[in-house]
Each structure stands twice: as C-alpha cells, then as structure tokens.
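Look at the two complexes coming up: chain A is in both, with chain B in one and chain C in the other.
Here is the complex of A and B:
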C-alpha cells in the first residue's frame, strides 16, 4: 500500500493524461474537473464480497421482477404489498411503458446500488439507481493506471481483476440485442458524465452516438453512418426518460430520438436501461424493496436497507415527528446528494417549516436513521485523514446477473459531511475485492 | 468495422485541421520566441494580417504570451489546442484512449508553459505530443478511410497556412499532391469546382490562379 502512496503524484499525472474528468454546472456555466482520486483503495474481503454478491443480485432480480409486474399484471398492487399511491404518483412511473415487457423481461440491465458499511460491520443499502447510474469508468481506468505506476502493489496483493467491465457490458448488450449494432447514446460533450460515455463505448466496442446520429424509420432505429444507415439492435441511452423521445415524452426535448419508443415497443430495439425504471428507484419505493424480495423471490433479504420511515403511514409520521432531530430527511424527487437534510442541523424556524412540509406532503419525503457509517483513510497533503465513504456497486443483468468485482468508492472531502457525491465536491477511490 | 456518422466525419476532419494548426503554429512561435531572446523584432502585425486575425496586442511580447497561451483568445494557439481536444474527446472510441491521451498531454503542456519562464521546453512537448498523436493515429486506427479523413484535414490546414503565409509555391504543389491522394482514400465529399482547380494546380501545374483564389479553393474543397 505504501508503494501506491509513494506513486500518488505519478498516478495523478496519469489521470490528467487520460483526462479523467467529470463536469458540473455552476452558475449556468459548464466546468470540467479532474475527479479527485485517492490512491488508498477500499478493500473488501472475499467472504464479505460473497455476501454482497448474493445480496445485490437478489435485490436487482427482485427489482426487475417488480418493474415487469408493475407495467403489466400489477400483482403486487392487487395483493396490497405496495399502495397504489406510491406507483401512480411517482414521477418515475411512465404510462407509455404500460403493457410491455422488454426483451427477456430485463428492465434494469445496469444497476448502481449505493451502500455504506456501518460501524457495526453491516452493509446497508442506501439507494438503488436503475436509470442511468454513472461511475464504473472511474475505478476501471484508475485500476489500470495504478497497475502501471505501482506494479509491485498488485504483485503483493491478491486483488481480483476488475478490467472486464467492458466485456460485461458488451455481454449485457448482446443478450438483448434485437439485431444490429450496439450504441451508447450520449447527450454530448457537455454532459457531466461524458468521459464515462466515451470511455465505456471504447471498452465495450459500442458505437458512441449523439442525437443527430440516429433516426427511426418504419419503427426501426438506425445509425447514420457515412456509408449509409446501419440498424441499431441495442442502445444504452445515457439521457433521462423525459428527454428520450419527444414524440412520447417532453416534446421540447432537442436531444431525444423521435420515434424510439415506437421502435422499442415494436420489439425492434432494446433500450438499456428500460424507460420507466424511475418508478423502482424512487426513494419512496426503496422502503418496499425488502417486501419485494419476499414477495417475488420468497426469500429473506440478504442485505438490509437503512432503517427507513415513510411519513405516508401515520405510525411512521408520528415516529418521524417524535424523533425528528436524529433523522435524515430525503426529498424523494431529488438526486445527486441534493434534497438531503440532516434534521439536527436545521435552525428552529427551518425545522418548523420542514415539519409542516412533511405533514402537508408526506408522500414527498422519507426519513432515515443516520447510519454512523465507516470512515476510510484518505491522503490529504502529507497526512492521512479519515472521511465518510460509500460504495456504488454495479450489477449487470445479462444472460446471468453478475456483480462487477469492483465498484466506485466515493468519499467526502469535507470532514463534517456525510455527502459523498462528486457533484458536491467528493472524490473517489478504487475498490479492491480481495481474492481471499 | 468502425461506423462513422456524418457528425464524426466532420469532427475527424476538424481534428486533423486543428492538429496541424497547433503543430505549425507552435513551431512558428518557438522560432519567434527564440529570435526575441537576442532582441530581434518580430512582425506580428504582418503575421496577424496574413492570418486574417486581429492584431490588437500591446507589444510583441504581449503577442507571444497571449497568442500562445490565452485560452480566451479565439485566435490563439491555446484555443486551437482546446478545439483539437474537443474534437478528439468526442471521438474516443474511434481513435482510442491512448491516442487521445497525446492530445490531452499537448493541452496540459500548454497549460504548464503559461507561467514558465522558459516556455520553449513545454512547447517542445506540444510538438512531440502532436507528432506522437499522429503516429498513434496511424498505428491504432483500424479503418484506412478514417485515418485519411484526419490526414486530409491535416493537409488542407497545412495548405491553408502555406498560402496565407506566402510559402514557396513548389511546396504548395507538393502538399497538394499529397492531399489529393489522401482525399481520394477518405471518401469525403468535395466541391467539384475547387477540386478541379486544385487538381490542375497540383498535378499539372497548368493553372494561372492567384494565391487568394487558390486559398478559397482549398478552404471550400471538402463539403461537410
């Protein structure tokens, strides 16, 4: 490990060489920054990984079953496991996806599940990201650069190789491809995750396309090659549902592909991840995932949610109000670390205002116990300091559902903060899965 | 088989053009920077006029500093390097990360040179990185027509610079032959009138044409 630390500046030079960046919009201006990398990896032991693997595959399998059910038979609603309110009022629910099952009934092909390791030694799921989870490219490139800068580190530590992500992604594409090329569809150079889009296209052998490169004719999606139209069999779209097809969703979308939903519903192209997945990664629905596992798989959840309360239920509302100061409140409509409020940090006036909001719109919020999750060491100047860190694990549902043996460990650079998102100034680490 | 859309074709072409602009300008500026060490005067106003860019710099020293390093100056070398990178970034899966890295390094070198009292060292890196980028394109881009779109862009930019700066016409004719060969293999669409003029000039040396008209033919040759 010390060897890796000694090579910190070399590794950062390599990061700069390969332009490992992410973008943020600040005051309406697009800024591109190198993503701060910390060379001390998070290590996960083989037994711990085995449990994570089983638990995460179980979770994603249940979420896929839920998505297929909710857009078709709705048995889970009929059986009153989840109140209808949580489906039809969710902004992620799309009526345009009703009565349709995508190829092989896979809705979430690439899932990014956020977890933390509590100080009690247990992993807790914080969030499911089933729409367009970002981040795999960073540990992927970091690993290859660290190997280059400090080969001895990898000779002396038995770390499972993570450089197969491109292949896993290709298999995920190929499993649902309806005949044609694989495409990664990016909203363009000024998207926060553009580096990732282009890097994953290179690693998976997919064609990177922008809005002007694709068109739909006779319910079939084509890529405008300079040598003529080429049929697209599977598209990993990196734009939100609402912008995907101006003929179905937001008519003012300039970055969408007119008619793609018709091609999709005609079974002529696979869309990864399927439109409409937002209904399953809504923070309100999160509460119900353990119930989904029991309902669809008849199994007990292997991994726990963070203890969560839904003010929608009277009992939970009472608990939330009685224990307000020790809870973290999340707005279900927000993402990227926004809309997260630690109640203890609010002023008296803000607290009262917030409580009124919860009473008025209970469906809009969830309340969670603050998990005292682990700190990981990071290098700051010449010192090593402890900071809060989470883990985004990537589960790919191809012919088999697999957990990528790595993940994006994000850490807060602020000693007083639990928020680790890159958009909030956080950095990242590689995640090592040890082979024993 | 690499699938290249019309958007990508456009970018490949401009990647080639900016690549040559950065290389030639860097070499030109290194020469001038060296001359100025001994107090030689540089006629930057004449240069700006020939290039068709504003000459509103306070002094030759200010010209050198701003024209090379000022990212906000739309006519600067740094700006051209940023454009080269912007075009390259959106072609990562076509040109590969390792090829793209050379352009990124050229831009990084320009950033480092900005505050360096001896910027010639970093400028040399810019030249080295751009040359390495070209070599990497040759080695790692599988499709010949893709390589030739970039090379056509390089040749067109070089011809444009030659004609603007009044280079020896023999060199212009040689570069035209090279460019026509690359253009033929690139599959790029061309303007027939421009192509005819350039062909006659480059291959047959049969055309009496002013530099200005020849420059127009070069600039209008590729239809994107």
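Here is the complex of A and C:
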C-alpha cells in the first residue's frame, strides 16, 4: 500500500500522458480536465461484494423487464403499479420506440448504478444510469498503471482482477449482434468521455467510428472501411437519444446517423444501450424500482433505495413540506449532479420560492433523506483527509447479466460537499474487490 | 362507402447539388377497417438506392432511402385508390401517450384558462365537438405566420396559423380533458396541399374532427400518418450534404372514382 501511495504523482502524470481526461461544461464553455486519481483504493470485502452482485443483477434484470413492458404490453401501468404520468410526462419516453422489442429483450446492456455506503453499514442505491453511463475506463487504466508502478501491491493483496471489462463488453456486444462488426460510435474528440470511447474500443476489439464513418442503406447500418462498406451488427453509441437519428429525433443533429432508427426497428442492428431508456432512469421512476423488482421478479429487493418521497402523492408532499430542511430535493429532469438542492443550504427567500415550485409541479421533484454516507481517506499533500465518496458499479447484460468486479469510486474534493459527480469536479479512486 | 382516386406529389428543389441525401417518407394511406388500399404506386426521381418500407412506433408506413450522387431536385409521387367507409371502424385501445401533452401540444396558462371557460361536458365526443368549434372560432387562418415547429401555446398567443396549428391547439385542449387525441396528416377531396386534423377516442373508437374547416371528418379524407403531434410523424424528412437553399412544392389531387370515370 505504502508503495502505491508514493506513486500518486507518477500515476497521475502517466494518466495525463495517456490523455485520461474528463470534459466539463462551465459557464457555457467546454473545458477538458484531468480526472484526479487518488491512490488509496476503496476496498470491498468478498461477502459485501457478493450481496452487491446479487442485488445489482436483480435490479438491472427488473429494469430491463420494465423497459420491455413499457414499450410493448404496458402491464405495469394496467395493473396500476406505476401512475401513467411518470411515463408519459418523462422526457426520456420516446414514442419512436413503441411497439418494438430489441434483440433478446435487452434494453440496458451497460448499466451504471450509483451507490453509497451509509454509516449504518448498508449500501443504498442513489441512481440508475441506463443511457450511456461513463466511467469504466478510469479504474481500468488506473489499475493497469498501478500494476506497472507497484507490482508488489497486487502480489501482496488479494484483489480480484478487473482486466476482463473489455471481454465482458465484447460478450455483451456479441450476444445481441445481428450479423456484422461491433462498433463504438463517438461524437468525437470534444466529447467529455472521448478518452473512454477510444480506450473501450481497443479493449473490446470494436471499431471506433466517428461521424461520417457510418451510413444506413436498405435499413442496414454500414461502416465505411478502407476496403468498402462493412455491415455493422451492433453499435455501442456514445451519443444521447435526441442526437442519434436526425430523421427521427432532432433534425438539427449533426452527429447523428440518418436512418439508424429504422435499421434498428427492422432488426438489422442492435443499439447499445437501446434508445428510450431514459424513461427508466428518470429520478421520478427511481422511486418505483423496488416495486418493479417485486412486480416482475416476485422477489424482495436485495438492495435498498435511499428513503425517497414523491411530492406527487399527497402524503409524501406533506412529509416533504414538514421536513423540508432535512431533505435533499432533486429535479427529475436534470443529470450529472445539476438540479440537486440541499434544503438546509437555501436562504429563506429561495426556500419559499422552491416550496412554491414543488407545490406547483409536484411531478418534477423527488425528496430524499440525506444519507450520512461514509468518508474515505484521500491523500492531500503530505497528509490523509476524509472525503465523501460514492461508487458507480457497472452491470453488463450479455448472455448472462454480470457485475464487473471493480467500479468507479468518486470522491468530492470539497470537504463540505455531498455531491461526488465527476461533472462537478471531483476525483476518483480504484475499487478493489477483495477475494476474501 | 366511397372510392377515392388520389395522386400526391412533392418536389424539393435545391439551389445547388446535394449529396449523401438520406430521407424518410410517410405519404402512404394507412390500412385500417375504414380505409382500404386497392392499389398503390410509388415512384421517386432521381433513382433511390436501398429503399425500404417499415412501420414506425405508431404503425405508420415509413419509406426510407438514399440518393448519394449529386442532384439538385428530388421528386416523389404516390398514386393510388382507396375505399373509405366510415360505417366500419376498428375497435381499439389507444396508446396512453395520447392522453398526455407532447412537445408541441403543451398547454400554456392561457390555453388552460381558455379550456376552463369552455365548460365542457364529460362525454368525449360532445366535448371534442365543442372544442373543434371553439378552435375554429378563435383562430384566424393565415399562412406564413407559423412554422412546422410552432407550439400550440405560441399559435394560441398569435391567434393565427394553418391546419397544423389548429390541430395542435385542439389536441392541447382535448388532453386537458383527458380525452385521448391524436394528430392526423393526410389529404382530402379536391386539390392543393396536404392537410392536418384530429382524431379523438370515445368508447373504443376513433372519430375525426377538422377544426380548420369546422366539420367532421368524412369519407373524403385519406389518412397518411398519425402521432401525438407533428413531430411524431412528419410526412417527409431529409438530411444531405450541401450548403443550399431549398424550395418545396406539394401537389395533391383526390377525386371520387365515379366522377373520375365520368370525366
């Protein structure tokens, strides 16, 4: 361990050389930042991991069943487990996905589930990311650099190898491939996660394609290789739904692939993750995930949500207003740590304004108890300090649904902040799953 | 029962050559109990490669294709014969999304207020009749004041618009009353441009209302596509390379077959 700590600056320098960067938008400007790495790993014990594994696989399985149901039979709405409002007023619901089941009924192939470990020793799910969750490449490259800098560390600690992510991703691709090559589609160099796109393409053996490398003909997707067009069987697209196909969604999208939605509906290409998943990782829908697990799987949820209230329900609205100061309020339409408000931090005027907003548009907000989650030590200068940290776990739905034995641990660099999203300028750690 | 012969043509002219032109069309009559297609012919110019027909999420027939070589115009033509029969309707369960506001049909506070003042009855059909008439009375038909992305809220404010705006406003009002309602695009007896109207769902069946003309939809209407609003089902969309201006001319003609034979 000590040896690893001594290598902090060396590893960060190496990562800078490799271009391990994260882009953020600040005041409307795109800035590329290095994603600061902290050498002290988060350790998860084997029994703890086993529970996470079962719980996360259960959750993703239910979410996939939900997505397939919503775009086809809508049983969960007919049975009134979830109010229709939460589906059809969600910006993530896409009518273009109605009446269609993707290959093997998998909608969320790569899911990034965010959790925190409460001081009570329990893991809590904070949110599900089922669209294009990023971040797997960071612990992957950090681990490989750590191995190089300090091989002994991994000889003396029994850490589960995480280098199989590329293989898992390849299996996930191959499982739904409709005949043709696997492609990772990136919006290009100016995207926040470009480093990750190229890295994952290399690790999974997929072709990295940019705008203009792909086209649709005969409702079939092709890659323009140096030897002529090659059919694409599966595409892991790292652009959001609204930009995916200018013939179906935003017509002003310059980074989309015209006609891909019809190629997808024709069953000629698999899209990872499927379009329309936003309806399932909406913060309002989050409240209903434990109900989905019971409804589709007839099982009790293994992992808990953070205690959440839906002002949409009268009872919950009253609770929210009575306990306003101790709650965290989230705007369901926002992502990346934006639109998260700790009520106790608001001025009196802002608070009143906010309460009015909730009363007026209850469907737009959720309220949650602030979970006192664990601090992890990070190295700052010559000393070690404690900072809030969460975990993004990656679940891949291939022939079997699997949890990747690693994950992205993000920490807040600001000692007073509970928001650990990388868009908000935090750092990251490697996540060690211990074999004992 | 009415037999209709129709011809629909659109020509898009570009001010220079365009390449890598990918496009999509929804200009084919919907097949349902009250609307049977007897024959249909679809042609494009210049020649399209890889053209395919497929259904979208609403069950509309979508034709996708591409023209890669340089060209400065694109014309497509659909000719066919349709039997319309309003005594035959399919029993259907509407998509729940037809009850909720879509991007172009969100109600503004002004629309909500307007809705309140209508004092609508609870019967869907009766309410829709009143809404259709109210929209017709409120709006002034004027071309050029609105565009394809104009919302119901905006056209309500300006009080002016075309059939698409009339339809969007009617949809916004119906959905405020929780009446399942959908946007319809198609052609009608006579000649000229395409038209847009509204269908509302009442006890298992869809009924057409035309707020622009203040009338019920009859057997002189041919449905091409449906959706929650215009955004869900544009008749045509294209993406190409080329920095050009474009001009579009639409021409359609619908005649009752008997009259056509006599002529």
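In this section, the second predicted complex is superposed on the first by the 433 of 436 C-alpha atoms of A that agree within 3 Å, B and C clash if a C-alpha of one lies under 4 Å from a C-alpha of the other, contacts with A are read in each partner's own complex, and residues count from 1 in each chain.
Criterion: contacts are C-beta pairs under 8 Å (C-beta built on N, C-alpha and C of every residue); 3 or more make two chains touch, one makes a residue touch a chain.
The model shown is predicted, which means the values in this text are computed figures rather than measured ones.
When the two structures are aligned on the shared chain, A:213 is found in touch with chain B, with no touch to chain C.
Of the two partner chains, chain C is the only one that A:100 touches; chain B does not reach it.
Taken together, the two structures place no residue of chain A in contact with chain B in one case and with chain C in the other. Against chain A, in their complex, chain C makes its touches with residues 20, 22-24, 49-50, 52, 54-59, 62, 64, 66, 95-97, 99-101, 227-228, 232, 237-239. Taken in their complex, chain A has these residues touching chain B: 16-19, 141, 181, 188-189, 194, 198-199, 201-202, 206-210, 212-213, 223-227, 230. Within the complex, the chain B residues that touch chain A are 3-9, 85-86, 89-90, 92-93, 96-97, 100-101, 104-105, 108, 187.
Every residue of chain A that touches chain C in the complex is listed here, in rising order: 74, 77, 84-85, 87-89, 93, 95-100, 215-220, 246-248, 251, 258-259, 262, 265-266.
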